[in-house]
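Both complexes shown next keep chain A, but they swap its partner, so chain B is in the first and chain C is in the second.
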Partner chain A sequence: MKAFSKQTLNINRLAAPQSAIRNPQSIAAGLCLLWFLASIPFTPGLTSSNNISNIFSNLLPLLIVATGQTIVLITGGIDLSATSVMALTSVMGALVMSGDQGLLGGSAWAVPAGIAAMLVAGALIGWLNGAAITRLGMPPFIVTLTTMMFFSGLAIWLTKSKTIYNLPPAFNAIGKGSLFFIPYALLVTALLVVAAHVLLSRSLAGRWLYACGHNARAAEISGVPVGWTLTLAYVCSGVCAAVAAVLYTGRLETGSPVLGQRLLLDVIGAAVIGGASLFGGRGKIVWTMYGVLFLTLIDNTLNLAGQSHFTMMMVKGGVILLAALLDVLRRRGQ
Partner chain B sequence: MKRWIVLVLLLSLCLSLSCNQNSGLKQMTIGVSFETLQTEYWVAGFEAIKSELKKRDIAMLEAIADGDANRQLEQVNNFIARGVDGIIAVPKDAKTIIPMIKAANAANIPIVLYNRPADKTDAKSVAVVADNPGITKATVEYMCEQAKKSGKKYKALLLMGDLGDINAIGRRDGFEAAVKGYSDIIEVVARVPTEWNQEKALAGTTNALQAHPDINFIFTSSDFLFPSIISALKNAGKYKKIGEDGHVLMGGFDGDATAYQMLKDGYLDADGVQNVYFESEAAVQAVLDLKAGKTVTDVIRDPGFVIHQGNLNEMSAKMWGAQVKK
Partner chain C sequence: MYCGGAGNSEITMKPLLECSQIGKSYFGVSVLRGVKLALAAGSVLGLVGENGAGKSTLMNILGGVTQPDAGSMRLDGSEYIPKTPAEATGYGVAFVHQELNLFTNLSIAENLFIPAFPKNKFGFIDRPQMRTKTAELLRAVSLDISPDTLVESLSPGERQLVEIARALGQNAKLIIFDEPTTSLTSRETDRLFALIERLRAQGIAMIYISHVLPDVFRLCDEMIVLRDGEVVGSGRKDEFTTERLITLMVGRRLDQLYPTRDTQPAPETVMQVSDLSQPGVIEGISFELRRGEVLGIAGLMGAGRTELAHILFGLDPCARGSITINGAEISALSTRERIACGLAFLTENRREEGLLMDAAISDNLALTALPQFTSGALIEQPRLTQAVNQMAASVQIRGGGQHRQPVKTLSGGNQQKVVLGKWLLRNPAVLILDEPTRGVDVGARSEIYRIIHQLAATGAGILFISSEIEELIGVCDRLLVMQRGAIAARFERAEFSREQILGAALQSGEKP
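Here is the complex of A and B:
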């Protein structure tokens, strides 16, 4: 009887935090709203139309790369190579398109060929990651860590550490131009995010992705093609990183071998803050959108409030740590 | 949850109303964006700008891009959205800064580049830069004169920076121009491309000393590489004071605290010093002049100076590394 009471007490203790943490979407959305509102008095210009547009322009490429990462996290994996895919595809595209030294510099085919090269390279690296994990049975952490090192090195070697300038104006416009007041970047992001949302929530492949994340062995016994599904997740991540590279490179008008080198924490952090589980089987694109918005808001508000770089790093690190803690608590509650 | 949101909303409205009431006393604000604060030189520059702005009662918004050009672009866009009166930026590189200059131009906000100029562009900015070739040439010429006085032959090692950085190119050119006049006594046997990376500097110096154990003349394009050089020299048993047998003639560029200490301890022969105080004052003044509609030259040069064993006491007051050390 005594033991039963103790157990009941423990369950009751867990019940309150569980109810508070069970809904990642409301937590992430609430955090964004609270942070935004609480920042208004201390952050001059935060609510100006220029700044709101600036916040959205800053979050779009990050949302794309975090979308790919979310798909991988749902399968229980991790893609540490996403930022090196961005760097490599940025210089590959630039090497094709640049008016100074590009293979097709000045040609009408430069932009489509450059973008195609970037997307194909992203997909191939994703496939390579997926194949190493599923066919060779290697852990995702070590596979993507080593491909991150390899492809970052390759990007630097290809360019001898130099940035590549003089990209076609039509390409740069993708990063910062607009069509009838709607930025191209927004159109590209919306298209990709909706496609990813449909993949996860409305397709059989989406259900397979979640099943692999929950329990790969059980999924395999149930007839899910686990190898194919995991490879698909890494290919999606590679393609998303390449699309993000298109936007970042266009915005900077420069192919850079160190593009996104310091972005990995933001990418994984945004997905985790949004509620994607580091243990797999949980995550939604809408949740990740809130995670990305929250990290972008932290950058923007602390920057406008004149806070130091070190403060920003500590706040972001703390928030991501709390999100990871929530993830652990959710898992314990399951 | 709903009660929380309503509470925060009400609180925010009250606070923002009180802030708006004070907004009539708008203080001039300048956004300062540094690519990195990883070396002493950048920290000293950042602090010098901060104190210069404080002296003039100008508010400062700071942003450090942590080596990421995209982050720097976002931070500069944040400054523009905030409606700052001017921007001082240390670019990640000469090319990626161009879209940021264009954005500042479009918003009619003056932008001044500190220590690194932009590549050729139609976009309008002012750059405050050290006379890299001139200061390096003067420093290396002093070293060459010392070499000549000794009556010995010298094998030289040059540590270059990132050759995508115009400052690194200027320093390399200054070195080459100086040693050209002393080709009878100085032979350059190794040129190490460090890409402003201490690990590469250590590996490159170690390799060069193994391939050419008789190297006795070293110039580094930045003082922050001295710890790597000292480590390699110690491993080779060649780290000796001036006047000791086997001393390697050494020179550097920047004027940091390590170089000052090496000069004081008698290990370093000469150092080209960038005048951080001149550069920060010139950068702030340029923003104010541009804001006032005055014409400012596209490039403001810091003439710098050479500090060496002969003028150490006299010039150390002007050397920023000596002030940091205090």
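Here is the complex of A and C:
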């Protein structure tokens, strides 16, 4: 926190801190380290191996959703519906697979069909968001706000507000099991994060995503398929949310209509702390990883220090506000 | 009436504004060095210089946007160190900007009084008083419209008059005009110049910044030339000629603004347009463009030239007619497909439509050609980097350092070279240029013409839209003159004459 306020104070002097402000990675990474070191004396058990592995398993679903969100933020949009996609797909997967009431409960096809249903639903909702934004020209904020409300409502309506138990063990293993000491969840996350990183940094579509975020009109005139590219971003976000739902649902062994309900602020916050710009055109998966790590560290340390949920919310809100302020200063400083 | 009524003869004796030894640097790069200027009340100072010469920085210092590192300024005899634009306004220094600074969703009266609305005795906004004062100010700038008119319904010229009215309302002693005529029609320009004359007679001092040298000669009493942050010439108007001004601005003799062509157009047609029409926009446009030909399109503002370019590129619809490139019909295709057929388009509006201003030079250069540098879905970065670097060198982008720097840090001319470069990377069959030298300084202009000629030499056809007849005569092989959405006249190079071209653009009614 100290480092943060120092940075923002110095910006008017156009001196060395400029380079640090332009390089979000160093800020986010520095913050993680600083927070971690500063917290050791106050939080017993922070450095225990149990706690470290706990931090990482808490971090994975958030990282996946934030990865999708970063792609959307780069195009200059926002996806508020991501967490409602998690809740809805969690419920849908459970309704397919559950041994009590599932459509395919007990069948060998239950797990693959359940996962496929979840991913397809995520992609479809993403496509719906993208189509409303690109074909009807509606603002991303209002489109995803309304889809968030609608699909959160749908998830609860489908289950009559109850959680669904008795999921197949093979499915739960994805969230809890591991392959030679490496949790499946970590493998899946790593795969997805690397794929997103390659998409953004190496692929044609990645260049187009950044171009649309910088100036959609100029991109269109330069032959970039803007509608396709923006839709792709929302589909990616939807699929990411669905993958996070698979891991989370498996870990909890229940389909929950309120899964990830409180995650939305963290998702957008992590991307912004990492340095993704709310104005579009800026952001990297690696940066977002640091943002996710930082928010998870805040949760974990405050938890260990016995602070309440409300304190966490206040601290996180403050940090995200500062990150958004930095984003504005960065734009002005350039 | 707004300067306190002091007599003309006595104020001209001592300068209203005096700057001495102004210096400013950013990140260790000095952009202004030892700049000195003096300006008397009731006189107009012309400030000329290429883009990047330091004009904007100097004006930002005068307007309180940035502070100088060295030097001092005096206004009306006392020290003048504005820390903010509002402070500068308080001292009586007003700006009329290139990009106008009005709230389009508010009325004229509200715009004029937005920093400090007049209040009635209840503390609410005193609208009747506001209206009366606004009407008075509008009369002073000869704008005969209601103070309640929303600014969004005004033309660019009228908006500018509103800005001047605002300056008068703030009792400005010094008004700075930054490229005021770029978006004005010739009638509006005349009206502006008449107003400047009246303000001068009222004892208001003005600084007039423009690339249009004849205007500077017409309006100004004194001139000052900036180059690379230094004053390279200053004095009374009659000490200068256009040639001397250009030589001073560029720092070398500019014998040939328009480079000579060493190639001739080939006989084959590359683009054929027949009977292209869109009701109310363009009417029965037919022409053919040959390989290696530079075909100019002249006309007044609103003659339909930009609209034609948009229709050719597939950005606007057209009701009837055909467009072919190398024999293939493209009029039903999307913009993307037309680009794939070899069409390229430099728009008149490079900030909004041409460039990703915050993105790096290299990303902008690569943008149109990206699909050609992929294997599978991935970009072949080494090959792309090499091509981009080659292109940056070939269009001679200056000030780029490494090409990772954002395009918005470049001067207008270099930005335009980036737009050109990004299309050249595609080796277009036809390049449409819409006002390619607008807001581009003299030196960079010449380089842009050279790039256009080089492209023509490789066999591309070039459609060159411009409002400057001199430029069209200097660069084109053939000319079309548009008027009210139709082609009013055609000229071969041998028949080029300024008077006839202008005449064709201005004539009303009949078509040849």
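Annotations for the structure displayed:
Here, the second predicted complex is superposed on the first by the 317 of 334 C-alpha atoms of A that agree within 3 Å, B and C clash if a C-alpha of one lies under 4 Å from a C-alpha of the other, contacts with A are read in each partner's own complex, and residues count from 1 in each chain.
The criterion applied here is as follows: a residue touches a chain if its C-beta (ideal position, glycine included) is under 8 Å from a C-beta of that chain, and two chains touch if they have at least 3 such contacts.
Please read all numbers here as calculations on a predicted model, not as lab measurements.
Annotation: superposed three-chain arrangement on chain A; chain B versus chain C shows no clash, the two fitting side by side. In the superposition on chain A, A:P41 makes contact with chain B only, not with chain C.
In the superposed pair of complexes, A:T146 makes contact with neither chain B nor chain C. Of the two partner chains placed by the overlay, only chain C lies in contact with A:N215; chain B stays clear of it.
In the superposed pair of complexes, A:R207 makes contact with chain C only, with no contact to chain B. In the superposed model, A:P225 makes contact with chain C only, not with chain B.
Applying the stated contact rule after C-alpha superposition, one finds that A:G30 touches chain B and leaves chain C untouched. By the touch criterion defined above, A:S107 lies against neither chain B nor chain C after alignment on the C-alpha atoms of chain A. By the touch criterion defined above, A:V198 reaches chain C but does not reach chain B. Counted by residues of chain A touched, the larger count belongs to B, out of chain B and chain C. Distance between chain B and chain C in the overlay is 21 Å (nearest C-alpha pair, rounded to whole angstrom).
Comparing the two complexes, no residue of chain A contacts chain B in one case and chain C in the other. Those residues of chain C whose C-beta lies close enough to touch chain A in the complex are 26-27, 313, 315, 335-336, 339-340, 345, 347, 352-359, 363, 366-368, 370-371, 374, 377-379, 381, 406, 408, 422.
Contact residues on chain A toward chain B in their complex (touch as defined above): 26, 30, 33-34, 37-38, 40-42, 44-45, 48, 50-51, 53-54, 57-58, 61, 161-163, 165, 176, 248, 251-254, 256, 258-263, 299-300, 303-304, 306, 308-309. Of all residues in chain A, only 14, 198, 202-208, 210-211, 214-215, 217-225, 281-282, 331, 334 touch chain C in the complex they form.
Per the touch definition, chain B reaches chain A in the complex via residues 1, 4-5, 8-9, 11-12, 15-16, 18-19, 23, 37, 59-64, 66-71, 73-75, 77-78, 80-83, 93, 95-96, 98-99, 119, 162, 164, 195.
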